[in-house]
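Both complexes below contain chain A, partnered by chain B and then by chain C.
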Partner chain A sequence: MEANTTDKKSSWLKSGWWLILLVAAGLAAPYVISEFYLLILGEALIMSLFALSFNLLFGHMGQLPFGQAAFYGLGGYGIAMLLTKYQMNFWLSFVAGIGLAALAGLIIGIFCVRLRGIYFSILTLAFGQLIFVIIYKWHDFTGGDDGIQGVFPPEFLKTSVSYYYFVLLVFCIAAFILWRITHSPFGYILKAMRENSERTEFLGVPIARYQLIAFVISAAFAGLAGALWAPFYRSVAPSTLIWIKSGEPVMATILGGAGLFFGPVLGTFIITFFHAYILGFTHFWPIIMGTLILIVIFFLPGGVLGFIKEKLDNRKKRGQQS
Partner chain B sequence: MILETKKLVKEFGKLLATNNVSFSVNKGDIHAIIGPNGAGKSTFFNLITGYHIPDSGKVFFKGKEITKLPSYRRCRLGITRSFQITSIYPKLTVYESILMALLSRHRVTLNLFSSADKYFREEVWSILEDVGLADQAHVNGDSISHGDKKRLELAVTLGTKPELLLLDEPTCGMSPEETESIMAMIKNLVDKKGLTILFTEHDMGVVFGIARRISVLHQGSMIADGTPEEVRASEEVQKVYLGGAA
Partner chain C sequence: MSFDVLFNQFLSGIARGSMLFLVASGLSLTFGVLRVLNFAHGSLYMLGAFLTYSIWKWLLIPVYGFYVATLLSALVIAGIGLLIEYSILRRLYARGWPEQLLATYALILIITDTVKWFWGGEFLSIPRPEPFTKAVFLFGFPFPSYNFFIIILGLVLVFFLWWLVYKTRLGDIIRAAAHDRDMVSALGIPIPWLFTSIFVLGAFIAGLSGAVTAPYGSIALGMDIEIIVECFAVVVIGGMGSLPGTLLGSFIVGQVYSFGIMYKPELALAFIFMVMAIVLIIRPWGIFGRPER
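Now for the complex of A and B:
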């Protein structure tokens, strides 16, 4: 047992080095890459946070939500409407956007967590589309398909570099919180429910209530991603809530690997940067994306990060044997 | 008396799965429920653990009515179960599986920010020692032998510190040696930890070898209830079930 704990510590340190390196790269990015790619990087971070919120339910709890864009969009609409229609303080609007997403998550979650598997996915999809239609059709209040323009961050965050640092900071804090949650007793119980919910209920765990808590947390983080996005893009549109948007974290997570905490982040980075790069010379992006997903599903069932980890583990084992 | 049922009835469509069953289990007993296939043993189990709610009748645990409580609440009161088809966590390690039970019992599962790895290490290891799985602590649940899976499931249920443990066919699919060792383990648990065990079993050797009290179900009704000797002597039981075998 002693050996095991020290082993764990050293492996944490190893993965810790990677993280420090990545954060350092993130801090240095504005001095290294062009403004265009800095914007893409900001987008990738926001989308990564969105994908992490999705994977709390999918990878960790074992339920696939397909209406996650509703919470993302509500976060964005919350901050955008409070800022532009009611001239509220930026930070209050930011928090209110997250709160709105969490509240919607609570109401929708109450209905969804009773269901399992495909029924859960379909009901989240239905609720997601319901919210989309309300915002899309309620032109007088939400701006309908025009969306809302002029969503500005406070003065000191107006340059692309300063807002990028703001996004990086929020992403790091949010990812750290989510990481802690997945490694907490609560996170363990989510895993137990994923593996065998019947067994877990007979350990004295009220399954539906715990799924609801996870659902609300997930919605809040999706809302946080949306609230970061609106001032980044200076506007929101109904397309942020539509079901296609809900599919993005699904793709990213499958591509990167649902079984590992940072899988969705890697998947999102691959998709976002690949997308930006490919669009430079062709419009046939969906074909390339589809091919990529097919390759991953057939040849790398653990996702790209899962594949890398497997290779590294194998190498370590061989190193120990020789 | 730790468990008591009064006139329990459960129907599935036209099938009367549990027909007016009243019985009780004494604290510290090893109590077997036997009966031919389709006698209603599983349904009866499910009524006690809260998987099904009876159409009429009542269930009492330590004098408190629990007829309509959900399973997780019954578990918190001290009733838990194993399943006929071994129910474990395939992709969690043996260690983690037992930790889950302890996290739940100690009610720390709403803790969102502390590291779960730090909790209850000694207690997990002591349970691992008790059931003889310590050397496989870091192996995934689906990679251990069938007998060990049964053992693991038992260990996980023990993690909730039950007072009444329901075992559904605890030796199902086991080799004779595995059966013997798990029965010895169960007996040990009752003697050392004051557990009460209610179990179903098709292997009459096991039943008569370990049970101190036996109830016989037939077509949803309880046709006999008593010590092994009394049940063995019952003519009705002989007729419907034991045949010449016992």
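Now for the complex of A and C:
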């Protein structure tokens, strides 16, 4: 796996100026871009969070979950159902949505962390699909294929600009927490398991427990993304938890670069904006996306960010030699 | 609950299991040898069903046109499998399995969109072929005789695969490659050729199973996802890459589905996953599977 580039911190990544610049750009965005692109930007941020939750397990722990959409959808369904069916407080519903995703992550995780590699992927996929089927078929309770409409944020977040700032704030906090997790002793243990789980076990690390904790954290952040999405889109539908949706963070992460913390974010931004752009011409987006994935797999093995970083490192090396 | 109801349900379960085996065996065979989980197997199955419909309409052979269309469409799908293996998968064997998985995921997107492009989003159907048009009565219950065709076809495939894997030289190579690929290669057996032929065989089975599902009256977008997830349950229960495991897994899933639907139709699929969870607690790598290295 090409994921071990995370450990080599280049000065380019270490100096935080580009991060400050990006946040400033994010804050200024509503004054610069049109409302349409502001909505796309909000969507990109939410999907980025979803992709980051995936990459905690993939890039940092070395396991590929293919059922991540289930947790994302549960977050969305949790908040949507509590808001519309039980008229609960928005913030309580928001937290409950995340809690629901984390709880499902705990139950499913208990089974999944027993497996490695492709078996882990299949099992997460199967459990994810189970949740999809339950929500899809349980029409009386969840609305089935109609989904749930009328998921409104509180009054002061109802405009697209204010909700965008809310998304930006939550994204920044969540990304910071995830970054701290990956750079904590816990995060280093995950990394050790990725590199050699057997040896890590010999060191006395209860790897199943660590994997389970990581699984629950990942599910919670996927749920957070879903809980952000439902009020953003004003509705949820079963299509948010189908397994094809689980492929989206996978391709965003591999497109952007799994080995770098912000790789999934870059990949998601490329896909989301490209999607918005392409839909102006054709409805056959999946065919274009599929082709794009194949091109990236063949020609950009480390992802876009990995590619850029490699070029920068090479230039620096050449500079030192001469 | 009387015996005849139970027997009828059991027989329906056998038919369902047979259908699942048709699809899952190709998936399992490909995985066992190539160690590539072909997500797009279900898409090839769906493409097989749509192609059968079009070929059947185009042929206009009155009675047995369906069988001709089935064979032709399976052959076309095998050809598409050849194309996929040769132009895409072959370049990825040296890479990690996440890339292989993502590549087959990309194929799902491409194939699904292509099907939508050519056939649109409507439901299509083919009438059941002779001599399986009518229902037979077992203990007074109507039972579609086409189910017997599916069961027989499943049995034929079981025997064919058993013969292929355990009785032929290719089978020796297949089993050896599933065990230790490098050793087989070192013995001078051309691995790329082996991989291509197995993938093509898997695609042929996918096309064939898609074709024979067409007379059940549901050729539509989304049929790929519906079956492939159950097939994942089959191979997880039985053990990835094991033929006896796939057979047993298909039987179990078929029965659980059939009796589950009698008990509570909405939860039939949930029961399958519950069984899967129980199997995994006892044997995480499936009943006939090997612990992963």
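As a convention for this text, the second predicted complex is superposed on the first by the 308 of 322 C-alpha atoms of A that agree within 3 Å, B and C clash if a C-alpha of one lies under 4 Å from a C-alpha of the other, contacts with A are read in each partner's own complex, and residues count from 1 in each chain.
Here is the rule we go by: a residue touches a chain if its C-beta (ideal position, glycine included) is under 8 Å from a C-beta of that chain, and two chains touch if they have at least 3 such contacts.
Predicted model only: the values in this text are computed from it and were never measured.
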| item | value |
| --- | --- |
| Partner chain in contact with A:199 - chain B first, chain C second, else both or neither | first |
| Contacts of A:137 with chain B and chain C, given as first, second, both or neither | second |
| Touching partner for A:150 - first (chain B), second (chain C), both, neither | neither |
| Residue contacts on chain A - larger count, chain B or chain C | C |
| Chain B versus chain C as contact partner of A:280, first or second or both or neither | neither |
| Partner chain in contact with A:188 - chain B first, chain C second, else both or neither | first |
| Common ground on chain A, meaning residues reached by chain C in one complex and by chain B in the other | 1 |
| Residues of chain B that touch chain A when the two form their complex | 49, 70-73, 75-76, 80-81, 83, 87-92, 96, 99-101, 103-105, 108-117, 119, 121, 125, 138, 153, 156-157, 159-160 |
| Residue ranges of chain A in contact with chain C within the complex | 1, 58, 64, 66, 111, 114-119, 121-123, 125-127, 129-130, 133-134, 137-138, 242-244, 247, 250-251, 254, 284-287, 289-291, 293-294, 297-298, 301 |
| Chain C residues touching chain A - in the complex, by the definition given at the top | 35, 37, 88, 91-92, 95-99, 101-103, 105-110, 112-114, 116-117, 225, 229, 232-233, 235-236, 240, 266-267, 269-270, 273, 276-277, 280-281, 284-285, 292 |
| Residue numbers on chain A that touch chain B, as the complex places them | 1, 4, 8, 177, 180-181, 183-189, 191-192, 195-196, 198-207, 210, 213 |
